[in-house]
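When the chains are written out, they are named A, B, C and D in that same order, and each has its own residue count from 1.
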Amino acid sequence: MKNITYIQNLNEWRNEFAFFHSVKVRFSETDMFGHLNNTVPFTYFEEARIEYLKQKEMMQDWDKSSMKTIPVVADLQCDYIRQVYFDEKLKIFVKSNSVGTSSVDLHYMAINEKDELSFVGRGTVVQICPNTGKSIPWSDEEKRKLFTKISF
Amino acid sequence: MKNITYIQNLNEWRNEFAFFHSVKVRFSETDMFGHLNNTVPFTYFEEARIEYLKQKEMMQDWDKSSMKTIPVVADLQCDYIRQVYFDEKLKIFVKSNSVGTSSVDLHYMAINEKDELSFVGRGTVVQICPNTGKSIPWSDEEKRKLFTKISF
Amino acid sequence: MKNITYIQNLNEWRNEFAFFHSVKVRFSETDMFGHLNNTVPFTYFEEARIEYLKQKEMMQDWDKSSMKTIPVVADLQCDYIRQVYFDEKLKIFVKSNSVGTSSVDLHYMAINEKDELSFVGRGTVVQICPNTGKSIPWSDEEKRKLFTKISF
Amino acid sequence: MKNITYIQNLNEWRNEFAFFHSVKVRFSETDMFGHLNNTVPFTYFEEARIEYLKQKEMMQDWDKSSMKTIPVVADLQCDYIRQVYFDEKLKIFVKSNSVGTSSVDLHYMAINEKDELSFVGRGTVVQICPNTGKSIPWSDEEKRKLFTKISF
């Protein structure tokens, strides 16, 4: 496999994942080259990221107008390992790679039904105040939660 | 051409359009069958509808939190006449077919570069209050605007 | 509820559905008005339609280049009954309303977790030859399958 | 501005762009947080990338079944600098940052109407044979084209 800057040792990196969210490739997500369009993994990352944060009880007020903080994506990247096709079932794994004062570096791994890597990625999420746009530090409790493994 | 319930006389119907908005088919909007995915014309309808209402100065406060009314789609339909391919340029025509107390029946027509019908559609838009969800009657001024032809 | 041309008696119409496919509203499927964007139900219809046809064993060669017929959407419509929000779970029901020589009129119904109608729709699918673009009549076996109820 | 690994000197980096493709943010591309959903910049990158390669006459047979090579995305990343809103007009700039044997590292920059950076990105495109999936080296002519600046 090609060199990916955010993966030092692939086996170790892979073993640190516990949480995953399952998706199935929609017909409308393919393109005329016959496989999953390259923009769609980011949609899967978003869906899996939200499920991951919900499991950690960090999205309790997510859809309430009263929410005091919102998670905002600061950057995202994806490395495409293998072509993905219509109707494939993928497990989108998510883990916290490192936690900053008000941010977390989340890593992503998509595994197909043959247990092969389909694509991987990462991206920083920052907790901000929706009114001011300023970053809000995590509480100690939140930092602890972000590093607790939850498996399914 | 097959029978379409909202088109009595195709030539007359076609001649009543004046406004259009241009789009070009994106690669990500195709699917593995090699043509425009059937869900995308509704995205084009939305984009053209908003441009149409903006031209009529009916969307002035559209993106302001102070807006007192918002246009909501009550129903939508599309009849697919001809396959559409990557990179095709389409003119999406919009017209007001009939105006109700607080609603308007908008018709849509997509024409390709050979001046052929690619797909057609229609749908009712209702003006509602975003807080109560109740319909808000058009003013006489708004009704007049909805029936004034604007060409480009 | 408003009048919908393809529903004569709502209770009867509703009771004829047996098959459904479940979806959950993605964050990326909402828009700045705070609810499900009006273009997304057609994506759900496509996903549910394919699952419906697969259950009837009519999509066996779907992703093979050797496939002799493909199902093509001739028209689609959706009536929006109730606002749909992020993270809602919906059951997308599908049924064959009537079968023609080479086409089938499919009806759709989206039900939320409170068992309320969220949106409904319909659309004709035509079986065509991918090379010639001509319609291909259903076999008697296929017609029979299209009218057999399968529940889950 | 935060540190971005693929930008050493922002002014120099920015000045090297010449080609751009214009987009306008669609309503359906916003999400319930009120701004452009984070998955959409990758769609803009794809659209701009294809226009960039077309200008260089490297996509001549793009939509023909006879095409001998196709460009495939090996990785993609995006850094979000500023919130983007409905109806904003963005210029999506593209440049070739470096060219390998059969790949090119493309950089992207989105500039709003106030000439501010909205988001930036990069990603490697590899030229492959659609039948074998193997990478195909660029010709000298193609390498030369990839480094010729074209402005608009």
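One rule holds for everything that comes next: a contact is a pair of C-beta atoms (placed from the backbone, for glycine too) under 8 Å apart; a residue touches a chain by one contact, two chains touch by 3 or more.
Values in this document were obtained by computation on a predicted structure and should not be read as measured data.
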{"item": "Duplicate of the A-C contact set - from A-D, B-D or B-C, the pair where over half of the pairs recur", "value": "B-D"}
{"item": "Chain C against chain B, contact positions shared by both copies (same if over half, else different)", "value": "same"}
{"item": "Whole-Å gap separating chain B and chain D, where each centre is the average of the chain's CA atoms", "value": "30"}
{"item": "Euclidean distance of C-alpha centroids - chain B vs chain C, Å", "value": "23"}
{"item": "Inter-chain centre distance, chain C versus chain D - centres from mean C-alpha coordinates, in Å", "value": "36"}
{"item": "Touching two or more other chains - residue numbers and ranges from chain C", "value": "27-28, 32, 37, 39, 43, 46, 63, 86"}
{"item": "Residue numbers on chain C that touch chain B, as the complex places them", "value": "2, 4-5, 32-33, 37-39, 42-43, 46, 63, 70, 72-80, 83, 130, 133"}
{"item": "Touch list for chain D against partner chain B, complex", "value": "26-28, 43, 46-47, 50, 62-63, 85-87"}
{"item": "Chain A-facing residues of chain B, complex", "value": "27-28, 30-32, 34-35, 37, 39, 86"}
